[in-house]
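I'd like to ask some things about the structure below.
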Amino acid sequence: MDKVLMSHGGGGSMMQSFISEIFIEKFNNEYLSQMEDAALLPGKTVFTTDSFVVKPIFFSGGDIGRLAICGTVNDISMRGAKPLFLSASFIIEEGFPIDDIKRIVDSMVDAANEAGVQIVTGDTKVVEKHSADGIFINTAGIGILHDEASVSIKNGKPGDAVIISGTIGDHGMAVMGDREGLDFEPPLLSDVSPLNKMVEKLMTLKDAVKILRDPTRGGVAEVLYEIASMSNVGIKIYEDKLPVKESVKSACSMLGIDYLHLANEGKLVCVVDKDYAYKALEIMKDDKYGKDAAIIGEIDDSGLVTIETIYGTNRIVDRPIGELLPRIC
Amino acid sequence: MQGIINRAKELIDRYNTGEFIKIMEVCGSHTMAISKYGLRQILPPNIKLISGPGCPVCVTAQNEIDASISLASQGVTIATFGDLVRVPGNDSSLQEERAKGKDVRVFYSPLDALDYAMANPSKEVVFIGIGFETTIPSVAMTIKEAYTRKIKNYSVYCLHKTMPKALEALVVNGSDIQGFLLPGHVSAITGSSIYGFLVDKYKIGGVVSGFEATDILMSVVMILKNLKDPKIEIQYKRVVKEGGNTEAQRLMDEIFEESDAEWRGLGMIEGSGLKIREKYSEYDAEKKFNIKKPNSRTEIKGCRCGDVLKGLITPKQCPLFGKACTPLNPVGPCMVSSEGSCAAYYKYGE
Amino acid sequence: MCIAVAQKVLKIDGDVAETELNGLKRRVSISMVPDVKIGDYVMVHAGVAISIVDKETAEEDLKLWEEMEEALRESFKQN
Amino acid sequence: MDKVLMSHGGGGSMMQSFISEIFIEKFNNEYLSQMEDAALLPGKTVFTTDSFVVKPIFFSGGDIGRLAICGTVNDISMRGAKPLFLSASFIIEEGFPIDDIKRIVDSMVDAANEAGVQIVTGDTKVVEKHSADGIFINTAGIGILHDEASVSIKNGKPGDAVIISGTIGDHGMAVMGDREGLDFEPPLLSDVSPLNKMVEKLMTLKDAVKILRDPTRGGVAEVLYEIASMSNVGIKIYEDKLPVKESVKSACSMLGIDYLHLANEGKLVCVVDKDYAYKALEIMKDDKYGKDAAIIGEIDDSGLVTIETIYGTNRIVDRPIGELLPRIC
Amino acid sequence: MQGIINRAKELIDRYNTGEFIKIMEVCGSHTMAISKYGLRQILPPNIKLISGPGCPVCVTAQNEIDASISLASQGVTIATFGDLVRVPGNDSSLQEERAKGKDVRVFYSPLDALDYAMANPSKEVVFIGIGFETTIPSVAMTIKEAYTRKIKNYSVYCLHKTMPKALEALVVNGSDIQGFLLPGHVSAITGSSIYGFLVDKYKIGGVVSGFEATDILMSVVMILKNLKDPKIEIQYKRVVKEGGNTEAQRLMDEIFEESDAEWRGLGMIEGSGLKIREKYSEYDAEKKFNIKKPNSRTEIKGCRCGDVLKGLITPKQCPLFGKACTPLNPVGPCMVSSEGSCAAYYKYGE
Amino acid sequence: MCIAVAQKVLKIDGDVAETELNGLKRRVSISMVPDVKIGDYVMVHAGVAISIVDKETAEEDLKLWEEMEEALRESFKQN
């Protein structure tokens, strides 16, 4: 195939190989090949970027503006750093309602205030009708490493505990629910949130915190695979320990989707030295965004990402490939 | 649950006699559930659950895929279920056509596709009708409704297949299958009596099973129990009645009539497909767009989907499995569909 | 084959019902289960209810299993 | 009007007021309200962002990839800083040819190498067919202030010299020419180039260099207006001193466009203490991208941006409003 | 050049007699050039160059703008020249319609619009035909070509206006204009003899002028020289012949016939417009789409465009000029079009 | 009114000519200037040549101006 497919951006293995072949290899430098959520530059500066293209723009529990702030705040945080300054760049389709821009910007302001970051530089482009779908936002961000932080996707060692900071799949299912017209009661809201305060507290555990990763596109499954591959280890998780809302589970079974493939925008996966696992869990549970945190598994040396089912059997975790398609048969 | 699982396991272990017992799960959702729950790990080594031709995406013939792809390139809107868009045709796929700008849309329900057609009267919407008896009535509903409401821009490319004749094709020339795990939701529509011929003509029994781990293990026990005296039983009684859903059968019969169908791997099977009845022919995309199935390669070089679908080999016995053929770069449809046997084996590491 | 999930019928409006499962509500066609009543569970495939779940049977299932299990255990003992 | 128009992104006065009202006011902080091409952060760090949406993607003399690197390199440079690290974020339309991505990335690599910057973090999003027009690229960038640099759009004082680093309007007319099917002989090429090396040399003049600005969208005219307004001064330029290619002039007269409104992507406008004007000019002329540099005017206290015509008359410089539309009558 | 300018200035200064002399430049491109070159600064205070109704965007009537806008909302592709898209109608503008998703396209040449129609046969392309005699032949060419090639998806909404009758309307009730700077490119088509009536009936002379600063100043000198003995002269001899371009005249006459036209500010002027002849009626968008001009406000509250176009006031005398009305937020069309008098005065600071 | 710019005719191909001005080449319709020859200058408006520029006249222009200027200066002197 010589054309870009939706699956190339779906956050799964197809995207990984696309990015490695096209971008990492060509841009080729020590920072980029870290394959982290953010680059660690000289002077303990951390730098990251993300573009946001979510549809719908206003979704249950958030909007593209809040997402654009939280996404970049979180990517900086996942490097063990404190986010400080963000840029904001808008690509707007001709005809987009100015009131919607104001609403999005208000929501960016709120999220930035909550996270304690400032938007210090920006850009606006308007493109012709039908040359974009409403609005796309890019944020890049700068942060500074926390003291003694030593967080890297390569740090996993057998025995380390794997912790998730809360329920899985809320964002992905909230957005898919909006698109597919699913109606949740109580409403299923995206978890989109800034995690920098939680990370700040976690980093008091210093290098006991080995890996931080926000399971966005590709979900928890993809993050586990990336950890296994970059740390050259295996991971075992336990189905009965995974925090998932019943309504999300039901929607997944209905649409034929694995909740481990659903995006999260206010959750982090944390690999911790096992002696600090409960301490880390406690810190997370104390945080506003961590009350459903759970230890879900551990690093092993299998080289595989496996799950023990509720039946006590073991299987490989399905790795997402590309586009999430509702399955019917 | 764990309790029942353990008790079932204990019972099944009693059949660990060294005698090789081959049970085919016909249904793709069973294949998925078995893999997902890791149930094969529970069975003793002499009891083999093998997968059958029950993934509708997988059994769709190559030339039907190619015909759908070429229909997409004619400017109509293709409405389809998710997995089908990834199936490689001779030189393209529906997702590649979409990337080229063709209008290919994934729907969760055929009813949504009809709604879409009604909301977009300037588009010609063709639903690619794949699926077995579970799905067929809902597609029939759309044709009935389009007919009643005189909707002119909706039609169905009918590639539906039906279960009984395909099962017969698997065993008609002899087979070592000793029991069938029969599809739960197909049977919710058809009832269980359609499987009677398996016992009567071929002395092979089967159990209509639900989809929970407990359902499947219970069904396996039931099959094992009856090995000597084959019967058709229903484990999934809470959903499946012997006579099935007569309302759904009536509707299917009103819209469709029996026809021959080509199955990937199994070839042409008499009476195993459906076509749209003359009365509803304006909703028959094949007639409306004069679709001719192309002369496609019938087999993909090296791909042993056919043998997998017939239960002759397990996916791992295909030399391409996990090497040239992975979910990322699927060679055959059994690897494309998430219900496909090869995909299920690969994804869940069996 | 074919995914179907049991859902509880909350409201009926002609051929369409509102169903619920763990807080997830949907509108499904019930034209193929004309006897359905509010409070019933239906198996839903692709937006269409394909059968009514027999609640008594669901409860009996376990009993039946236990009976069969018992019988089997007995028969194994005899062998 | 309650909808975004093309003119809101055209780089003229309509964009200025749109940005001020919607973004600057709401995001409101000391860095953003500097209204500079890049924000100057604590620690002499400079930070900027731009999204690139040029059509056609491959244009005479460059492509969106080179533009995305040079644009951000230049915005950092215009703050008197040395660009070091860039991010690159891609929004790609489903179906976009992978070979074109490779070509664009190659061109980014070349431009980055030329400028001596590294692309250290990135992102890729794929959107559905017709949800974007081919490819959009965002780059953000980090740089470090040159020693004793004191460059700001507010620094202009009457008497200062205004210098342009080369011919005006080449990029804008090259791109418009591609769209309108104009055929130039010799070919008119976009000037898209990294100016950081030139700025590095200019900064040896330290605070004698008062303002640097790259006249991109909105062209030289808009930059002059922004200088006049932010420095609270007037500017006078001389028509006969403006370096403009004859072919660009001809195309402008044909299309009814003012070359002072055309975008440049490899030029800078520099305001220098008048005693250093010839020194600065010499430095520019010595640079690969500055051979046509010229002193084009001076700051005055008129509060107006005026031009002395070749007839010796004076008039106000036309300020661009929004979209550049070819005019016929 | 500077030399000639100085010599012209010196000559013009001789006419600085205290006697007030009002010369109207009819053509928008002259207005632009005069502003851009700063030529008014060269003239002595008693010689006033005032602008006339020569910007085709500016004189297009409000209801014609509104009719074009409502045509856009009917799903046809509107093809037009650049400035027109910004002109505010009663409650929208073509650029706002485009932002709402209507298909509004700017072309440099009517020939490009026809090419676009040919390349997009599924679109209905309507060219908004504005402009005077300079532009009319090129629009006529497209209609002729569409007719010859039997192109079915192209038509012209004919809003063209012609010069002579409008000039007459300005002076018919008396006027203090003592000379006209006559349009160079209109005259390249029409020739200069069409202006004879100005001298014959109204004793006002004029000079057909080119567009360089030297051309304009030379023309002013020529007008001044003949004040006592008014004549129609051609300064722009290198381009304009007394008889004009007969080929172009023939083509215009083949496609169009005279009609009445409404001018913004000047009102309805008999015989000052064109309509498409019956033979080519299938290319007449007014007929094809049954366009009815709406009952628009004829004047925009406070806007004195009408008086500006008649040369009764200069833009600066309009109370809205530079305050409520700027190029960023234009109130009237004279501020929208970059050739409009108000825009030229504002932009170039006069 | 109406912008038009002089361009030199480089090639003629039926109703269309290739023209040039300071290196800017364009294809313009010449169907309204049937007498045009290669090397001529034409005034082009909206992609259509509307007249041939009379080169001799262009050179004469200056002479005519000078004559007129002279005459005027004389007449002013006399006053």
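Some notes on this structure:
Lettered A, B, C, D, E and F in written order, each chain numbered from 1.
Note that in this section a residue touches a chain if its C-beta (ideal position, glycine included) is under 8 Å from a C-beta of that chain, and two chains touch if they have at least 3 such contacts.
From a predicted model like this one, the values you see are computed outputs, not experimental measurements.
In summary, no chain was found to touch both chain C and chain F. Set against the Cα centre of chain E, the chain with the most distant centre is C. Of all chain pairs, the one joined by the greatest number of contacting C-beta pairs is A-D. Chain centres computed from CA atoms place F at the largest separation from chain B. Averaged C-alpha coordinates give centres for chain A and chain C that are 37 Å from one another.
Averaged C-alpha coordinates put the centre of chain C at 66 Å from the centre of chain D. Between the CA-based centres of chain E and chain F the separation comes to 21 Å, rounded to the whole angstrom. Within chain A, the positions touching two or more other chains are listed as 1, 3-7, 94-95, 130, 256, 327-329.
Contacts with at least two other chains are made by residues 28-29, 55-56, 98-100, 108-109, 131-132, 134-135, 339 of chain E.
Multi-chain contact residues, meaning those touching two or more other chains, occur in chain C at positions 1-3, 45-46.
The list of touching chain pairs reads A-B, A-C, A-D, A-E, B-C, B-D, D-E, D-F, E-F.
Chain A makes touch with chain B in their complex at residues 1, 3-7, 13-14, 17, 180, 255-256, 304, 306, 309-316, 318-319, 321, 323, 325-329. Of all residues in chain B, only 98-101 touch chain D in the complex they form. Listed in rising order, the residues of chain F touching chain D in the complex are 1-3, 5, 20-26, 44-46.
On the side of chain D, the complex with chain A involves touching residues 1-10, 15, 18-19, 22-23, 26-27, 29, 31-32, 38-39, 41, 43, 45, 47-53, 55, 84-85, 87-99, 101-102, 105-106, 108-109, 112, 118-128, 130-133, 136, 138, 140, 142. Note for the complex: chain B touches chain A at residues 1-2, 5, 28-29, 35-39, 41-42, 55-57, 81-83, 85-86, 95-96, 98-100, 106, 108-109, 130-132, 134-135, 213, 327-328, 338-339, 347-350.
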